[in-house]
Amino acid sequence: MGAATVILQLICPDRSGLVSDLAGWVAANGGNIRHADHHTDAGAGVFLSRIEWDLAGFGIPRAALPAAAAALAERLKGQAQLHFSDELPRVAIFVSKQSHCLLDLLWRARSGELPMQVPLVVSNHSDLEPLCSDFGVAFAHVPVTADTKSAAEDRMLALLEEHQIELAVLAKYMQVLSGSFLERFPDVINIHHSFLPAFKGAQPYHRAWERGVKLIGATAHYVTEDLDDGPIIEQTIAHVSHRDEVEDLIRRGRDTERLALARALRLHLRRQVMVYRGRTAVFA
Amino acid sequence: MGAATVILQLICPDRSGLVSDLAGWVAANGGNIRHADHHTDAGAGVFLSRIEWDLAGFGIPRAALPAAAAALAERLKGQAQLHFSDELPRVAIFVSKQSHCLLDLLWRARSGELPMQVPLVVSNHSDLEPLCSDFGVAFAHVPVTADTKSAAEDRMLALLEEHQIELAVLAKYMQVLSGSFLERFPDVINIHHSFLPAFKGAQPYHRAWERGVKLIGATAHYVTEDLDDGPIIEQTIAHVSHRDEVEDLIRRGRDTERLALARALRLHLRRQVMVYRGRTAVFA
Amino acid sequence: MGAATVILQLICPDRSGLVSDLAGWVAANGGNIRHADHHTDAGAGVFLSRIEWDLAGFGIPRAALPAAAAALAERLKGQAQLHFSDELPRVAIFVSKQSHCLLDLLWRARSGELPMQVPLVVSNHSDLEPLCSDFGVAFAHVPVTADTKSAAEDRMLALLEEHQIELAVLAKYMQVLSGSFLERFPDVINIHHSFLPAFKGAQPYHRAWERGVKLIGATAHYVTEDLDDGPIIEQTIAHVSHRDEVEDLIRRGRDTERLALARALRLHLRRQVMVYRGRTAVFA
Amino acid sequence: MGAATVILQLICPDRSGLVSDLAGWVAANGGNIRHADHHTDAGAGVFLSRIEWDLAGFGIPRAALPAAAAALAERLKGQAQLHFSDELPRVAIFVSKQSHCLLDLLWRARSGELPMQVPLVVSNHSDLEPLCSDFGVAFAHVPVTADTKSAAEDRMLALLEEHQIELAVLAKYMQVLSGSFLERFPDVINIHHSFLPAFKGAQPYHRAWERGVKLIGATAHYVTEDLDDGPIIEQTIAHVSHRDEVEDLIRRGRDTERLALARALRLHLRRQVMVYRGRTAVFA
């Protein structure tokens, strides 16, 4: 992955001179910019920026950088997020019974394709424990019923805290997280097995088959309290025909789900995604 | 396009031996089969077949073929449609102000890519009259208002009859045809500028932008009284990003619309589409 | 996967009445046809057919079917291949050091998505032994050098025979099989990491980067003695940009390789592929 | 298209601080940056930048801007190109007998989708004169034979000069431009009807059919003296099957050709393409 870099994501009210201000700030501190991407949403009057520069030789020490970035953001009346490419985020994967997304993510993490650590897998079923064991990942079986949901979520939150998890990925986790959970742990990515906003909710492949669509899709998105309405990161599609039964749609869909989720997660982990006003800017 | 062929589309209750019965019937009459496609919807108990064979040398004379096909269908308790590849269907194109689909279809008809004649274009605006004049196609300006809709549709139906039209194509026609119109003239194909069933109804690109989708689509479908719910023939998509404004979605969408409509129309004209239970089988 | 079926693949000189002859033969023996696909290569005068019908209730006993199919083929002066959908072919996977295709195939076999057994993995390196162990698959380490190639291939052939292997899949196996090997074991599928015929031979991603292409591809094909010239089964592509370094092409390429290989293998295993004159007909 | 902007494309040796220098120069002159894209080719030590800002209110007068940009480039030891979005480039289209790309480009120019003027069409055949006449574009018939090629190219160059043409687009022009022509008029974009580098040279669809590929492609590229080896701007593909004859490949290919050429041309006209070392950076 090359030498370590600093990644600054900044969102602030738009005005003239912002690109120069930001690039000038990096340059004034001796930073060698690798990537600089900006986007202005003229209608919303919002400016978004992602700047990545070499950590080595930068004038502000690593330990002092978060405070410096916060001060910069305050001056621009915006918000900043700072990341270091050599810090591998700790990610928990939530699953139910299906293995395809989990196996894919574990393999991509192990091969270095996804820059993350996976110290924890959470599931409401125990089926995928052996797979996690093969990969040496802790597996927490947390059953969920209507009655126990609140306690189960408390247990999950405790697990996330214990394992110092930064991001949760719902990799075909067939439970809905409550608003209260999301308030306490907001950084969650989900894969939905349809081309949103088509076929929100349950059994999208059955409904797609009923409707007779010629393309099926998968959507990776940030989770919000409004189910299937969160900011979209990535969408993929596959062609289907009248020969495909519902099971064929499900089978073909697995490939689109795996790809959409892996791509979205890579974009997130490399800090190429910024969220604003219910939408994402993806600096790919 | 090669030598003339006969195309038989048959739909009937499923039972054993149907492929043999049909192919045997063609062979017994000396037909040389070019293409034979079948589909069984096991859940519905329906059998669909499309058989195409050389017209030259076939034992049943052309004039007697429709009756022979009807008798065959009756014997199988189904319905048959018979077509001859050397008969160019007469198609009317309905438009409003946008030219991209119309120009595309007129060019494809002239170049022989779409096996059809276009004797008539109908529009509720006069903007596209010059384009039709370039291609030597009759242009009928039929304004539509809430008050005059019924009379306008009567005039359109009279035009379709006068020009002996077999199929109407709504190529960005921004009016809804009434159920009464469709009852009297049911063979209508429409292009909807979204990936149905997402963004049914008005202004799909605006709503797609609002939702922050990463793919936009177009859907060519047969028209039914339930708006945007007719059997889907073809769907195409295009990638979009946060950099794309609504106008960019509209611009990118035009290419997907043209392609989806042209492909769907070619499939229909070559009798490769069969409709059953609100869905299509596309023998491509 | 449903009830067991019989699949007949037949290739013979074209003449009138073949579809009827074949379907009639199945029907005369009480067979209920599920799928019937045909293709005529008019230029070559060749007729190809794939017919699939229910095994249960068929008039010719299973044990007698191969002889019956051979007799049918002889009568049509062609060749037939007969398969039963409930027999899972025994497949060996050849690999070198890269795991992505192997893991993908093992997972798809285990989940039932690929109807096959994998009793054996062969590799010229030992890196992937642990992965095979996780899946309970025998792993044979057969090093290959210029000097030992002939002996190594003899050992591989002995392994294939010992494990009663029907098909070998080269899943990023970085050695060329000799003509002599292929003569003795001809059923081999390979994944080549380019959009053939572009970038035949070594280091296709490096050469694709040098050329500045905007799309990269992967090609799954049957192996012939002429390297990278065998009949193509499936091709997939991915978009790339100037931002992508060679390593990014390799990373993106892995997904296209996995998909192309898995799709090609599924088509082969379901007997949907027929080879003739260096090309394939894929009845999908 | 909104208010007029200035677009600066700069290529220079890489060093620290370049993004800041460029953005600072724009800001110091009161410019409001709309888009700023950069790319560093680390291997080549080359820095590429495209910056777009509002023309209105910029401190340097329009007339003085070219000299100011040149001075800036000199200071950075690089080369700059300056464009104003309200200047529509004058483009000549070269064709032979096929109309699909020409019609598409003329329609896109007229609708404003392609920001250009087309004062001239050049052809070695007279077939497309009526189409140009429909669009009110001058048509120059310049026949080319082996004997007259040099004189014909002289005449073309005179026409390009007379019509003050900035860019020539070869829209299925079936002649090869000589090195001498390209020396005198280097800005030429071509559409090649294959997925380069596969099937360079003549009759790519025939050879693609022979090879049995499952995808065909089209490539829009800048023209260099080495035929089909120029920098690639855009590539598109279409799926094909064994059912497709050569004519079907040609037909399906026409859609990929039109799209690849139109997209490439739009990118070029909006100055989103930069060429270096035989490759392109496309800031899309």
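Think of it as A, B, C and D in the order they're written, each chain with its own count starting at 1.
Here is the rule we go by: contacts are C-beta pairs under 8 Å (C-beta built on N, C-alpha and C of every residue); 3 or more make two chains touch, one makes a residue touch a chain.
These figures come from a predicted structure and were not determined experimentally.
Colleague: Using the contact definition stated above, find the chains touching both chain A and chain D.
Modeller: B, C
Colleague: Work out the mean Cα position per chain and let me know which chain is farthest from chain B.
Modeller: A
Colleague: Return the distance between the CA-based centres of chain A and chain B, expressed in whole Å.
Modeller: 41
Colleague: Taking each chain's centre as the mean position of its Cα atoms, how many Å separate chain B from chain C?
Modeller: Chain centroid spacing, chain B to chain C, equals 37 Å.
Colleague: Provide the list of chain D residues touching at least two other chains, using ranges where the numbers run on.
Modeller: In chain D, nothing touches at least two other chains.
Colleague: In the complex, go through chain C and note every residue touching chain B.
Modeller: Residues 16-21, 23-24, 26-28, 30-38, 40 of chain C touch chain B in their complex.
Colleague: In their shared complex, at which residues does chain A touch chain B?
Modeller: Going through chain A, the ones touching chain B are 39, 195-199, 211-215, 217, 231-235, 237, 241-243, 278-282, 284.
Colleague: Spell out the part of chain A that touches chain C in their complex, as residue ranges.
Modeller: 99-100, 103, 107, 111, 113, 134, 251, 254-255, 259, 262
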